[in-house]
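You will see chain A twice below: alongside chain B first, and alongside chain C after that.
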Partner chain A sequence: MTATTTEAATTAPALPRKTLGLAMIGLAVAMTLLHYVGLLPAWLHRLPEAIIPPFATWLDAIFNFVKDDLGLLALTRLLTDGLEVVLDATANLLFGKRRWPNIGPIPWSAIAAMAAVVGYYLGGWRMALLAGGTFVWTAMIGQWDIAMQTMSVLVVAAPLAFVIGLVLGITAWKSPSFDAVLRPVLAVLQTLPFFTYLLPAVIFFKVGPTAGAVATTVYAIPPMILMTTLGLQKVSPEVVEAGKMSGCTRWQMLRHVYIPAARTEILVGVNQVIMLCLAMVVLTAFIGMPGLGAKLLAMMGSFKIGRSFEIGVTIVLLAVTLDRMSKAWVVKLPEHFERGTPFWIRHKFLLMAIGAFVGFTLIAQFVPILSEVGRKQSWSQGKEIDTLIKNFLAIDLVQSITNSIRYVLNIWVLNPLRDFMLSIPTVAFVLLVSAAALLVAGRREAVLAAVFFGLVALTGWWDRSVITLYSVLAAVSIALLLGVPIGIVAARKEKTANAVLLACDTAQTFPSFIYLIPAIMLFGITATSVVMSILIFSMVPLVRYTIEGLRNVPDEMTEAADMSGATRMQKLWNVQLPLALPTMAVGFNQAIMFAFFMVIIAAFIGTQDLGQELQRTLAGTDLGKNFVLGICVTLMALTFDMVIMKWADDKKARLGLN
Partner chain B sequence: MKKITTALATGVVALSPLAAMADSSDPIVIPIHNWSSQIVMSNVVGQIFEEMGNSVEYVTTDSQAVYESVRLGDVTLELEVWEGAFGASFRAALEKGGIVDVGDHDAVTREDWWYPMWTKDACPGLPDWKALNDCAAVFATAETGDKGRYLDGPVDWLKHGKERVEALGMNFEVINAGSAAALWAEIGAAEADKRPVVVFNWTPNFAEAVWPGEFVEFPEWVDGCDKDPAVGPNPDALYDCGNPATGYLKKAAWEGMEAKWPDAYAVLTRISFTNPQIAEMAKLVDVDEMEPDEAAEAWLEANEDIWRPWLDG
Partner chain C sequence: MGSPVISARNVWKIFGKDPVGYLKTLQPGRSFEDIRADGYIAGVRDVSLDVARGEMLVIMGLSGSGKSTLVRCFSRLHEITGGSIEVDGQIIGDLSEKDLIELRRNKMGMVFQSFGLLPHRTVLDNVAFPLEMRGQDRHTRRKRALEVIELVGLAGREDYFPRELSGGQQQRVGIARSLAIEPDIWFLDEPFSALDPLIRREMQDEFLRLQAMLGKTIVFITHDFDEALRLADRIAIMKDGAVEQCDTPDQIVMNPTTDYVAKFTEEIDKARVVHAGVLARAGVAGEGQPVEAGATVQQLARLLVNDSRDLIPVADKGQVIGALDRQGALDILLKAS
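Here is the complex of A and B:
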């Protein structure tokens, strides 16, 4: 068997891609069939325990060496102390923690008023309403304190991620060799499951807000770096010329030429930083970050769906507000005033914001409700929502529909698919993945895919990795069946498209944990629940990119189709979809990345995959094992990322898009 | 406004010479986890410490990882060390050093197979485990075929449901939930159409107030049931007994607490809650929908006769 493989490999360059790919698939199928009839040697089915290297132990040894012998722990604990001072200060201002400077908490009405003014400055009345309204809702629903606990960490983590990302982005742009090192690291960071961020954060930065801030920062940095580098690379030579001619120094070039010219990309990076920070709000609650996330977990732990739902709404509102405000900032062009314009005109919004802030702070001293909304004054409808959900579940029709979905999916689709995937011999599985990469992308991708999956096999977590992969593939397949048609229908009319995109934004920022409870209540603790909760999350990019792809089909093409008398279906199938396909592939890729993210969270439903083991390591100090498990997820995700993106790029080039 | 007054009051107490005790002015860090009774109890004890003039801070932590944090002094104490759930982590930390045992609460803890009351209609022989086994079919689902389905706690809670099913030859399939929230969701869904379920549960717990229910009575726990196959009804298997019906509920503290906050430490050794008291605390939050700090205030107000004596020693 191995003889054939090596033979195939050595003669590879002479064979055309397709033949080689099909040969590899044939070989894999043959091995699987041999296994079924019981003729395949056991060591080809699963790697024998004896040859699996103890990666976890090695990693632990390295970690301990770096941590204790090199004194990294002492250094990070020193940084922790510094960070703690900053976090304590914001905590004092926002929710009145008794620390320096001991002047907080700022009344909620002052913050809401200031947010409204900033919103008005950035995007007019609608933005003012959104920004002010979000904060009023938060206070009225009785979540002000916990929301501010969350914000007190985010207002430190987000700027930190921005600065570090900007500096690293500039460095990567200046030095190609640094860029070459950084890129793979970023790729890994972006696919690493969040549990793998959390454990080192706790060990090095102490349980609590400090670890939360660090994990959030690290999670939010990669897109900032990428966007900075991208923006700087795109600065047009004419602008650079102009800067040089006016005799700028290198620092002046960067400060006054490059960064302003790359403003748009950098601000998109800022937007991404904010979104990723908010995505971590719930996850960092596992390592002691206080606030909305911790409350959400406590509410879920005592089965208060209504209250957890309300917290979810707050997080979505905060995310949508910050997202829209930062996007408005991207498109808002810097204002220029004539020389001699008085200070108060140039800075009228700044003054208004300060005025609103001071005004409400003063008023709040006399009107207590403007400073703090008590529990009994709040409008929380938690109990009512609970009753609503319970009544909905008790409807016979709902029961019979969910029961039949559960039955069909579990018995006929999911469980057989899982058993089938587990029955494929490891070596054959790696061959299949590699062959698929070869057929879809190219030789380089095929080799890397084989290496990546080979490494997964070597970690000894093969079965769990396959189960993880199976959940991802099952969910993404169903997401494809549902998401693409939704996208196609929505793209027909501008109005529906915008409504669906808003729904996508909401679904994406809604804390994914909340999806788990309804999923369990509808489908029980089964594979169906796991797949359903992944499905909601991974359908978002599919819908979004389908709409984007169809919208961006050049008008000439659709007009040409109309003129040649194509029916709507013909136009869709023969013109629009083929042209939108590369963009849709990017959406498909994101759907898979989202699914890999969510499958880990689905461990909270009850799975037998990598997520479950990762969850288990979180309670201990098993850094090595935690890292190995995380890398398994990353390697699988990277394989998909690499293959799909290569295919999309090739396709785009062939279609003459870009 | 009220907060400011409390803050002022604490400030005055701290400054007055009467309260000039030896306790450090650094905050005592109390960890809170994700279940209500522990959160309220932590707030109650925190407010007692504040009453004494100490400053207190709460951090949210994982309930297993907390013992490592106590050991390092990152958090000062832990008020609910459950024998069944955290005994292992606690003992491991004890062996490494840095953490001390501050005694037991009066309350006892129990964790085992449990069913909500409506289940009894479908299987009247309960709570006897043999009766449960006889109606296994009632608990069957599409996925388990004709076997009954028992929903165990998350794998990392190490509840040995599978081993028990095998040891006692039960006609059940064990499915592991991924989190406590998943257990409640399952019970909540079953409640809608009064479907019989048997799941892992424990006491004291908020669930008792929401869904009345009972533990399944397995062969009584005998010491060594988890180590010696000869113990218990099945001579060849481990885990052939129920869990201990009266597990401990301990308090633990950082080794340095006694030196740094001697008075608070002395009070901590005297603190002891009973099962009804813990249930009452949980109820204030879970049923009456109070915030934990308000619930603690309310509890302290209503139960002064219980906690005052702890202060005086």
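Here is the complex of A and C:
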């Protein structure tokens, strides 16, 4: 089927793009109408089962071959053993799992105090308060153990991802051929839904923390590679030459010149590694890893909103703390001490950290509450919040609002859209997508879009893919209607713009799970919640890039508009928006990527899309099917990414920006 | 002068996609512009010159004329596209990586136009860096680094980081670093450009002192003609990657070989450049008290104006080497020629 569209796109270069695109749309519409009146042959509406190749079975065969015949499983199990020892050790230290070295758990107060000192070192009192406060909150609310279960994996996965990413990044920078191979792999890895990381980890590594650590590590590696390569390439040539003239060997060059000079980018990579690790380690709840994510999942599943909310706060606090601290580290440059500064001032912070740690560890021996906060002692207000929320939702006004939103969305928007999208014949759908790519981007994109969607059709998961797509499009469209105006209004004043940008930045560091909480809180476990959570999640980049796009419009252009006597509206429509559009498109693209990501997480609420099937595969060992489903999501996401980015680049070039 | 320390023969450095292939097919006589039209940039174009031991060669030319590129070829920071360069009798392009590192560690020093300081190291650690790479122990290298830091007048700032220093101070760190290993051959790419006139003058004096004491071979790039005149044994003037003329300052101003050089030196007060020794015609005997060969026309101004002799004898170290034509010297003084 795809072959026809592919040919149409390539064999008629004489036809102008627009005519061809419109013709394709016309054809698709005609097919859809034929289907409505019942004249379209069934095999054009949905691909017959008979021609759908058993991709999953093939993939399974390949996996089994690699796993058993090539002995990969033996190798990974070997790695597992090593990793397990490390994970057990951190688990012992952080929450007292009975394993070597059997000295844990470290009293929570000691960890909190040390975090505060590190915070103080990196960013002064505010950071100290944030870091210390986060850990105090975690202990006081009675979540110390689950939080430390999460942290025990994080403190292993993040350094591991850092080291592997650094080494691969250096290799890619040294060897262009390796780089050429690596780049497309990274591009795919970054659009792969996280579920495709989880199952292989479970199969090749042991269930539990080990699989969680592996999945988390792999997930966080790509940005580290990219940042490392970027940083090394940016080292100023004269610094490199100075190193050469000083007689550095290759190793000395790398160790003393390149890596320290690329410090900033490498630390930005560290920040991303930490944040991705946190995002992923929470999601490993889906493969049964205990910790904050698992607890949140359980609480949301049983609609215990109060506890979910508290866990959500813990996760958010942890995310903000880790993000701010690692970012502070990026900008923290060494400063000199005057001659003759005594030892204890030079190493003030180190001594303070050791002092705080040892001090609190000792005190905790006599004051048990500083060592462990028991169930009864915790300040958790889960029940009370539950009642509060229930009462709030029971208020007539609130209830009528949520109900009417749910009603309007479902009856007037969501369901009709879904049914309409499902009613389009597969072939016509592929045609439409390809035509859109042709009109928006170009021939190459049109061909690839047809191939990608054709492949999705061939996997046999068409209906579920369309439902996935529908959730994404519905949510992003609504997010667009809300986010862009918010961005425009916020961009008017420097102050509000900065405040909103900061809020967006902060919101982007939250692990995606968090976004489910308000949706479920308001709309319960329903399809509306799915759309709502995607909507909130994807609105963040939309607002953000709208503001940035508008702010980056060159001053002379807006001044020219002012001098031509344009009203504020005219200026916005005729000058600012057109110039901001390419940047906004990047935000739109990110919103769509976020939506594809969220739609799968939201499947946990209960949907009929790919996410639901994906979650089901996790329970078993259906690696082949898991991959096929993951690839469906990737192919659709890649299509959008390719088309939108091409459009934005073209537009930018035409506007002479950058 | 003994055998040259640096000897360049027909050196080419072309930037572009396939410079070596392009150079092979390049017809002689194609200009800089022609080459650029072909999509290549000729950084260095067919340069041949020698630098003698203990000599100070100053390279001058407009921005983009290839000065830095030529010096980078000498130190093999650039692989040259054609020709050959010998340093200390070894063809530098043929050195193995190990030998090249040895050469740079022990014999070469370089000061970079935009300093090239390592941002993450203190002044002290920057200056000690080449010593550290050589594997010297902490104590020795610290001692040596402090010495040179003192020498460039940065004592007391050892523990600062480059970004905590002014441009001129950073430049002096770069100079100190290149001095730390006591190189025999010293490449200086506009080393004083960021210094204020006072310190600049001091550094030049310091330089001449070092040069007289240690007899280093120096290749020095500058935009400042006064500086060139103070320091240079010979000056090479570059244009579009080629050396237009390479000669002593006197010859450059007296006998420019190309129009470009003539234009380049037009503005200069020749009386300050030309020495009596150069004006002396051998075999002609003047009469009376001889003048010193090392004196410039300007220094002799009073004598030239007041004297009445037509031919004034010139002596070099007490030995009369000829006589100068007073009228000719006066012409130079009055910018008549």
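Observations on the structure shown:
Quick note on the criterion: the second predicted complex is superposed on the first by the 590 of 658 C-alpha atoms of A that agree within 3 Å, B and C clash if a C-alpha of one lies under 4 Å from a C-alpha of the other, contacts with A are read in each partner's own complex, and residues count from 1 in each chain.
Everything below uses one rule, namely that a residue touches a chain if its C-beta (ideal position, glycine included) is under 8 Å from a C-beta of that chain, and two chains touch if they have at least 3 such contacts.
Note that the coordinates shown come from a computational prediction; the quantities given were computed from them, not determined experimentally.
In the superposed pair of complexes, A:S236 makes contact with chain C only, with no contact to chain B. When the shared chain is aligned, chain B comes close enough to touch A:T526, but chain C does not. Contact with neither chain B nor chain C is seen for A:I592 once the two complexes are overlaid on the shared chain.
Within the superposed three-chain model, A:F604 lies in touch with chain B and out of touch with chain C [touch as defined at top].
By the touch criterion defined above, A:G247 reaches chain C but does not reach chain B.
Taking chain A as the reference chain, the count of touched residues is higher for B when chain B and chain C are set side by side.
Of the two partner chains, chain C is the only one touched by A:H336; chain B is not. In the superposition on chain A, A:I287 contacts chain B only, with no contact to chain C. Touching of chain A by both chain B and chain C, each in its own complex, is seen for no residue at all.
Contact residues on chain C toward chain A in their complex (touch as defined above): 72, 75, 77, 97, 101-102, 104-106, 108-110, 112-122, 129-130, 132-134, 156, 158-161, 163-164, 174, 177-178.
In the complex of the two chains, the chain B residues touching chain A come out as 1, 3, 7, 34-36, 39, 55, 57-62, 64-66, 68-69, 74-75, 89, 141-143, 151, 154-156, 175-182, 184-189, 191-193, 206-207, 210, 285-286, 289-291, 294. The touching residues of chain A, when paired with chain B in their complex, are 96-98, 142, 202, 206-208, 285-290, 294, 297-298, 300-304, 368, 371-372, 375, 380, 382-383, 390, 393-394, 399, 403, 406-407, 410-411, 415, 516-517, 520-522, 524-526, 602-607, 612, 615-616, 618-621.
Of all residues in chain A, those touching chain C in their complex are 236, 238-239, 241-250, 252, 256-257, 260-261, 263, 333-339.
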